[in-house]
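Look at the two complexes coming up: chain A is in both, with chain B in one and chain C in the other.
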Partner chain A sequence: MRDRYVILAALVLFFVLVTAPVWYARAAGEKAGGPDVKLPTQEKACVMPVDYMRTSHMDLLISWRERVVRENIRTWTAPDGTVYTVSLSGTCLKCHTNKAEFCDRCHDYAGVTPYCWDCHVDPAAIARSRP
Partner chain B sequence: MSISRRGFLGAAGLSALALASKSTLDALGFEAAPQEPTSAAAGTRWAMVVDPRKCLDQGDCTKCIEACDYAHNVPHITNPAHEVKWIWKEPFEDAFPFLEVDYAPEAFREQPVMVLCNHCDNAPCVRVCPTQATWKRDDGIVMMDWHRCIGCRYCMAACPYGSRSFNWGDPRPAMASLNPDYPTRTKGVVEKCTFCEERLAVGQRPACVDACPARALVFGNLDDPEGEVRSLLRARFAVRRKAELGTGPAVYYLV
Partner chain C sequence: MNALLSLVAVSILVALAWVGGSVASLRSVFGIVVPAAAVAIFVVGLAARVTRWALTPVPFRIPTTCGQQRTLPWIKASWIESPWTRAGVVVRMALEVLLFRSLFRNTQAAMTAEPIPAAGQDAHGAAPAARGLRRLVYGEEKWLWLAALAFHWSFLVVLLRHLRFVVEPPPAWVDAIAAVDGFFQVGVPVLYMTDVLLLAALGYLLLRRLVDARIRYLSLLQDYFALYLLIGLVGSGVLMRYFVRPDVVAIKELALGLVTFAPVVPATVSPFFFVHLTLVSVLLAYFPFSKLVHMAGVFLSPTRNLANTNRMRRHVNPWNYPVKVHTYEEWEDEFRDKIKAAGLPLEKA
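Up next is the complex of A and B:
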């Protein structure tokens, strides 16, 4: 074990290099920011509490999908008793009118590419594309 | 009572044979009960009656096709190998290949007939689908879940009517105008007529039925003896496409 100091020095150097971006950002005074999503202005509450929607909206959407397509149940009652029509384009996007600044921004930030929009249509985008 | 080694082995062998023969029979299609109920439990069995004569009187009318294509974002692809069809015109002799009418004039055999998914009672497409992306609803509609379709096209091979189309590419560029209230499909998915289940859910009739200026398409509940479909079928003789195959089609053609 005569090269103990070489090994230790290399380990320290490796650790410093790997964490360099963190130190660099810390030194430059940058703060890690979340996605800059634009929330709807005309509505105050979503179908479920914000915390649930933030973490589990995909589970809700998949259960909605199963209800409509496979069970032909087209309404959904929220825990507070409000009855909603189950529709991604019709209900979600009615309030979240700007898909690019809401859905896409957070999905881009999180690095996920859901394939909802391969088929489902953003009505606002169609309205914009029309002359 | 004691059991001999010989007796035990014999009983075990026979039990194994019985278990194996059950799965063999199942695989060969001899189920004890039919896979799908032939009539709806809820008392609704959607069906359509087509009056080809009324349709022919309209000449080159394609209003039902246009209404359907817009309502469901059906792409317009000119290449016949890749085209997507929900409701379309088929020459009489191709729509009814078993109705051989030897001395019918050529012009008659080539008359177009409106054809669409027959929403069969015993749908072969439902039977072969490996992911249950297509299944039979209680109201008789052969429904599709495009989320679940893996594009294997077994259903297309199984359907004797050619009612199913495959999206060989992204269908969106081939759509002149998008209906924002209905999704499109994506590359690698099979699609077909759904009897406008999204319109039935809100109490509307199918788009093609509403669009027909001659009322050549009649839609209704086959389980309602006083309904329009049943009274038409009582009053006039009707045929179904390839009913000989045992599929139990639910689209009737008045003669």
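Up next is the complex of A and C:
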């Protein structure tokens, strides 16, 4: 059987597929580096240490949600003693006013699409849509 | 013993990776050199292996068939199980590669639990001599097929989902796959179905080898090694997604650094991630030299990818050279006088 050309073509295709991210990065002129998130300018610190927030903010959000929805406790005391109202739109987005350039930018980078915004609102976007 | 030794081997790898991720001077080795080398070994090794197969002569068609081959027009032939056309071969291969059709036919031999009744005819009409004996039966064995299918397809989905870490911006279809995979929206980060399937399938594939004495007897060191490696890989990934949060952004920076040839190892990448990365590197590097290479081999198995046309068509050996023959006529001409003198009969007088 003279199938060598088919096999060779398949090998080339395989090679292209395996290395596709490299070619894509070349073609799109990708640069290594993180997302360009806009941190709040007025505030100094987040509700928890920034290392924790960067990796585990979803855990915090879920514990917040459970507090409100299951236990009806609407305040939360941070480790440093500050008392916050438990609210996704009202507290997180009060400091992080620009959801699009904070949460979304980072999530787009990491390829995550939280479904929270199916229900929860972004106050800034609403304010913008109401003239 | 095999099971233990390979567990030790994988544990050593995990420990090495952990050390590599913890010691500052080793982080760039385990974060950059090891994965880059692994990908190179994977690609070159696989290409070499496939090339060697491609250069191996297959002088005769040896398809293993399990259907009626094409003969007389009034005998129903099965065009997939014993294909005689290219289309048939393609469909047969597709069923094999995508659905593991030959594994679907897996059977398991076992002795019946109950002896065949000593008196009277049993339901299967056993011969009298066999009465009172246990009987060897071949049963269907679909679990292996199911677990293999679940494992391979889930692994593919997981692999595609990982594109979100190496492509910037992540393609929309990768998002779509993740959305379907996390359809049930259990917990946050949402539980992926494929993660559960992968762990369940790997667990079954390992237990299958450990529990059944006959399969344990057949299992080699490398059978367990591949399984433990995969379990370690999947396990570390699952742990990172649901339990020990890594800095995903830093990890993507590392990954993008690798694909853009501007490698960096951000300080916030945890040793835990190094375990995941090292295990996948070992898997890649190990791939071309192990049974895992069946990924490429399945396409090149002559028992599957050839049409069953041995009898239908004349197959001339492609590297036949012209053979010098000496026909009887020529021989008779050569010795005509001598044959005549001896009074022997001649073909041509």
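The working rule: the second predicted complex is superposed on the first by the 100 of 131 C-alpha atoms of A that agree within 3 Å, B and C clash if a C-alpha of one lies under 4 Å from a C-alpha of the other, contacts with A are read in each partner's own complex, and residues count from 1 in each chain.
Methods note: a contact is a pair of C-beta atoms (placed from the backbone, for glycine too) under 8 Å apart; a residue touches a chain by one contact, two chains touch by 3 or more.
Quantities reported herein were computed from a predicted structural model and do not represent experimental measurements.
**Student:** Examine A:Ser89 and indicate which partner it touches, taking first as chain B and second as chain C; both and neither are also allowed.
**Tutor:** first
**Student:** Taking the superposition as given, does A:Met53 touch the first partner, chain B, the second, chain C, both, or neither?
**Tutor:** In the superposed model, A:Met53 contacts neither chain B nor chain C.
**Student:** In the overlaid three-chain picture, which partner chain does A:Ala100 touch, first (chain B) or second (chain C), both, or neither?
**Tutor:** neither
**Student:** For A:Arg74 in the superposed arrangement: first (chain B), second (chain C), both or neither?
**Tutor:** first
**Student:** In the superposed arrangement, which partner chain does A:Ile126 touch: chain B (first), chain C (second), both, or neither?
**Tutor:** Only chain B; A:Ile126 stays clear of chain C.
**Student:** Using the superposition on chain A described above, determine whether A:Val18 touches chain B (first), chain C (second), both, or neither.
**Tutor:** After superposition on chain A, A:Val18 lies in contact with chain C alone.
**Student:** Just to be sure I read the superposition right, which of the two partners does A:Tyr115 touch: chain B = first, chain C = second, or both, or neither?
**Tutor:** both
**Student:** Using the superposition on A, tell me which residues of chain A are in contact with chain B and, in the other complex, with chain C.
**Tutor:** Correct list for chain A: 115.
**Student:** Which residues of chain C touch chain A once you look at their complex with the stated criterion?
**Tutor:** Within the complex, chain C touches chain A at residues 39, 42-43, 46-47, 50-51, 53-55, 58, 163-170, 174-175, 178-179, 185, 187-190, 245-250, 252-253, 256-257, 259-264, 268, 296, 299-300, 306, 318.
**Student:** Okay, in this complex, where on chain A does chain B touch?
**Tutor:** So the residues of chain A in touch with chain B come to 65, 69-70, 72, 74, 89-90, 115, 118-121, 123, 126-127.
**Student:** Which part of chain B faces chain A closely enough to touch in the complex?
**Tutor:** Chain B reaches chain A through residues 73, 135, 137, 143, 145-147, 178-186, 197, 201.
**Student:** Flag every residue of chain A that touches chain C in the complex, lowest number first.
**Tutor:** On the chain A side, the touching residues are 1-4, 7-8, 10-11, 14-15, 18-19, 21-22, 24-25, 28, 30-35, 51, 54-56, 58-59, 61-62, 106, 108-115.
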